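So, here come the structures, one by one.
In the two assemblies presented below, subunit A is common to both, partnered first by subunit B and then by subunit C.
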Partner chain A sequence: MKLRPINLKFYVIVVGCGKIGLELAARLSQIGFNVTIIDKKPNSIQLLPEDYGGFIVIGDATERGTMEQAKANKADLLIVTTDDDSTNYFISMVGAKIFGIPSVLALVNNRENVPLFERSEIKVISPINLAVETFERNILEGIDQLVGDIK
Partner chain B sequence: MIDVLVVDDEKHVRNLLVRMISIGFECNPMEAGSVEEALKLCDKHRFDLITTDIKFENEDELDGIEFIRRLRLRGIFTPVLIVSAFATAEHIAEVCKFAPIDYLAKPFTQDELRKKIRTLLEYKKDSFERYLREAEGLIHSNFPGDLEKGEQLVRTMFSLMPSSPIPHYLMAEILTRRGNSELAEKHRNAAKALDINMRGYRKGDEIETD
Partner chain C sequence: MKIIIIGGERVPYFLAKRLIAQGYDVYFVNKDEDLCEEYSRTLSANVVLGDGTSKRVLDQLEIDPKDIVVLLTERDRRNFFIARLVQEYYGVEHVVTLLNNSENRDLFERYGIRVLGVTDLIMKNIEPLLFENEVITTLEEETKTLGATVLKITIEWDSHVIRKKIKELSIPEDIVVVGIMRKDKFVIPRGETTIEPNDEIIVVCTEEKSSEVLAFFST
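Then we have the complex of A and B:
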């Protein structure tokens, strides 16, 4: 059983129930994390898969009350995945500084904002950077063959 | 091994609760998505612990509090853990009289849940032992009406620990005192069947084996 190693001891809050947040929350719960997903819109939550085992909090994560309701002070990890970088930055900072969450990971949609997040010791996931790095790795892995063909 | 019933209309919470309880305790969890379903299950099975939400979508009258009230009316005194995000002070005050009961706010951590369940199971053990002492006293008293009071306690003990032989032993004594030796014998046999170590219900008691 996949659940055994983590045993639901690790409490994770995922903010944002977009494509990324949704998929992530579902996967983390499957692996054996204790997951709470927070979103403003009740509709987006309905897209969670049938076997999702975790909590749902409907509310605005930029509001302190919502984070308190999600018991943010007990979280081991905060993952922020909304499509707005300033919202992500704000929630990440509140999570780390006010609620003392030991580890914070944020989605950074605009790569120009990456340094700001990094300066604040927030771990960054930037889709553009990830895509570029993956392209680069793929190209480099096939470079011998490519150079050979050109010759 | 404990038998647990998880009552919640949200499938994702039931999934999590069943996983969490299975990891923390050796147990046999069952699920119900509505109060109606849960009551039906309680008629058929005996549980050591029940967890329930308070607010049920599309259910105005049959909420968690009504569920607990109906359980107690049926003579089921299983410990109940209320797991809800919406419990108000009024709710808590209302259910206090249906002890043993405890409350845990959603969301919760594995640790929080485990502590609450442990306390409830401990409470159950303590109250069972207290009932046993009281029932013994009442059964052996010659004061009119005490035997009936004792019987009431034994019935509560049945619902607290359905798989224990002790309430059967006590019931056998009550029935013997009333002269119904046939039914008493049945209870005694049921007790022996459940009493793997043949220890009886008093300390130091040894039951004769066939």
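Then we have the complex of A and C:
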């Protein structure tokens, strides 16, 4: 996929340099956003592509000092992508309530936790829900076509 | 009303023991199988083996808004997560949690969660000891080579300095009062600070003045 470069002074913090965080941070910085990625393991950071143009903070994002280092008070968007929901929830809430980040998106690994995040005004990305919805859409489109063909 | 204790190891045991003795209904949630087995063997409490951050586990407790939830896991983020779960899903009013990292206090308090700041408590208790050790032991060695002395003097009831402000004392030259240990507090003295009976004052002075210091403060 070719990405159209734009130049927005929009500042995004991505927490967690796993498969999703890594890809996301790389893409966002390629698009032209100001990006900082936070992860506590230096090894994970090494997996970032060489042309990643954003900042890197190595540290535990559940600690205030790490968030301060990433200039969380200046962020327009916080994206939290670790594989632990209580960690994601905690970092999201600190970001939103303590650092006042206007928009927070969190990965919710366990589907049953989705309502808690939503009630706390955190936007949710749930891989299972996304997959199910995508399957559903594909199946329904297939059926539409079939029905269309029969007509 | 029941009391639900989530996480922890020894504290929940002794806490439950006392609560049960007072006639309360105690429930444990813990993911450690051996601990759960021990709790159910030795205490007449209800034990749920499982992860307290899982709603499915909490659902087994039939939590009521009037129940009290005590959170004792070693991670603030887990305690926070469970606290918010029981508030949002079961409308629990009273949540008490262990606070490991003091800087998270504001977030918990924002949601009306009571915190027990263990780190703060321990720090408050060892701080006077640290001060004493540092000033008396380490500094003593270091300053001696440079011709200075650090002294700790207990102010008796009959000393003339009692109830006087430091600036009124006309303390001799080359003598400085740098700290006052008062009960469990460490006071940083200013001119306006008044000296009280049983204060332990810490004085820095040149070595030759040390006997003068003793005479000055103790008579």
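What we mean here is this: the second predicted complex is superposed on the first by the 136 of 151 C-alpha atoms of A that agree within 3 Å, B and C clash if a C-alpha of one lies under 4 Å from a C-alpha of the other, contacts with A are read in each partner's own complex, and residues count from 1 in each chain.
Assume a residue touches a chain if its C-beta (ideal position, glycine included) is under 8 Å from a C-beta of that chain, and two chains touch if they have at least 3 such contacts.
This is a predicted model, so every value here is computed, not measured.
Peer 1: In the superposition on subunit A, see if there is space for subunit B and subunit C together, and answer fit or clash.
Peer 2: fit
Peer 1: What is the contact status of A:112 with respect to subunit B (first) and subunit C (second): first, second, both, or neither?
Peer 2: After superposing on A, A:112 lies in contact with subunit C but is clear of subunit B.
Peer 1: Using the touch definition from the top, say if A:11 reaches subunit B (first), subunit C (second), both or neither.
Peer 2: So A:11 only meets subunit B here.
Peer 1: Per the contact definition in the header, classify A:144: touching subunit B only (first), subunit C only (second), both, or neither.
Peer 2: neither
Peer 1: Touching A:93 in the superposition: subunit B (first), subunit C (second), both, neither?
Peer 2: Touch status of A:93: second partner only.
Peer 1: Once chain A of both complexes is superposed, is A:62 in touch with subunit B (first), subunit C (second), both, or neither?
Peer 2: second
Peer 1: In the combined three-chain arrangement, what's the angle at subunit A toward subunit B and subunit C (CA centres, steps of 10°)?
Peer 2: It is 90 degrees after superposition, to the nearest 10.
Peer 1: Quick one: smallest Cα-Cα gap between subunit B and subunit C in the superposed arrangement, Å?
Peer 2: 22
Peer 1: Once bound in the complex, which stretches of subunit A touch subunit B?
Peer 2: 3, 7-9, 11, 29, 34, 36, 48, 50-57, 69-71, 74
Peer 1: Flag every residue of subunit A that touches subunit C in the complex, lowest number first.
Peer 2: These residues of subunit A touch subunit C: 62-64, 85-87, 89-91, 93-94, 97-98, 110, 112-113, 115-116, 119-120.
Peer 1: Name, in rising order, each residue of subunit B that touches subunit A in their complex.
Peer 2: 10-13, 15-16, 18-20, 23, 85, 105-112
Peer 1: Residues of subunit C touching subunit A in their complex?
Peer 2: 53-56, 75-78, 80-82, 84-85, 88-89, 101, 103-104, 106-107, 110
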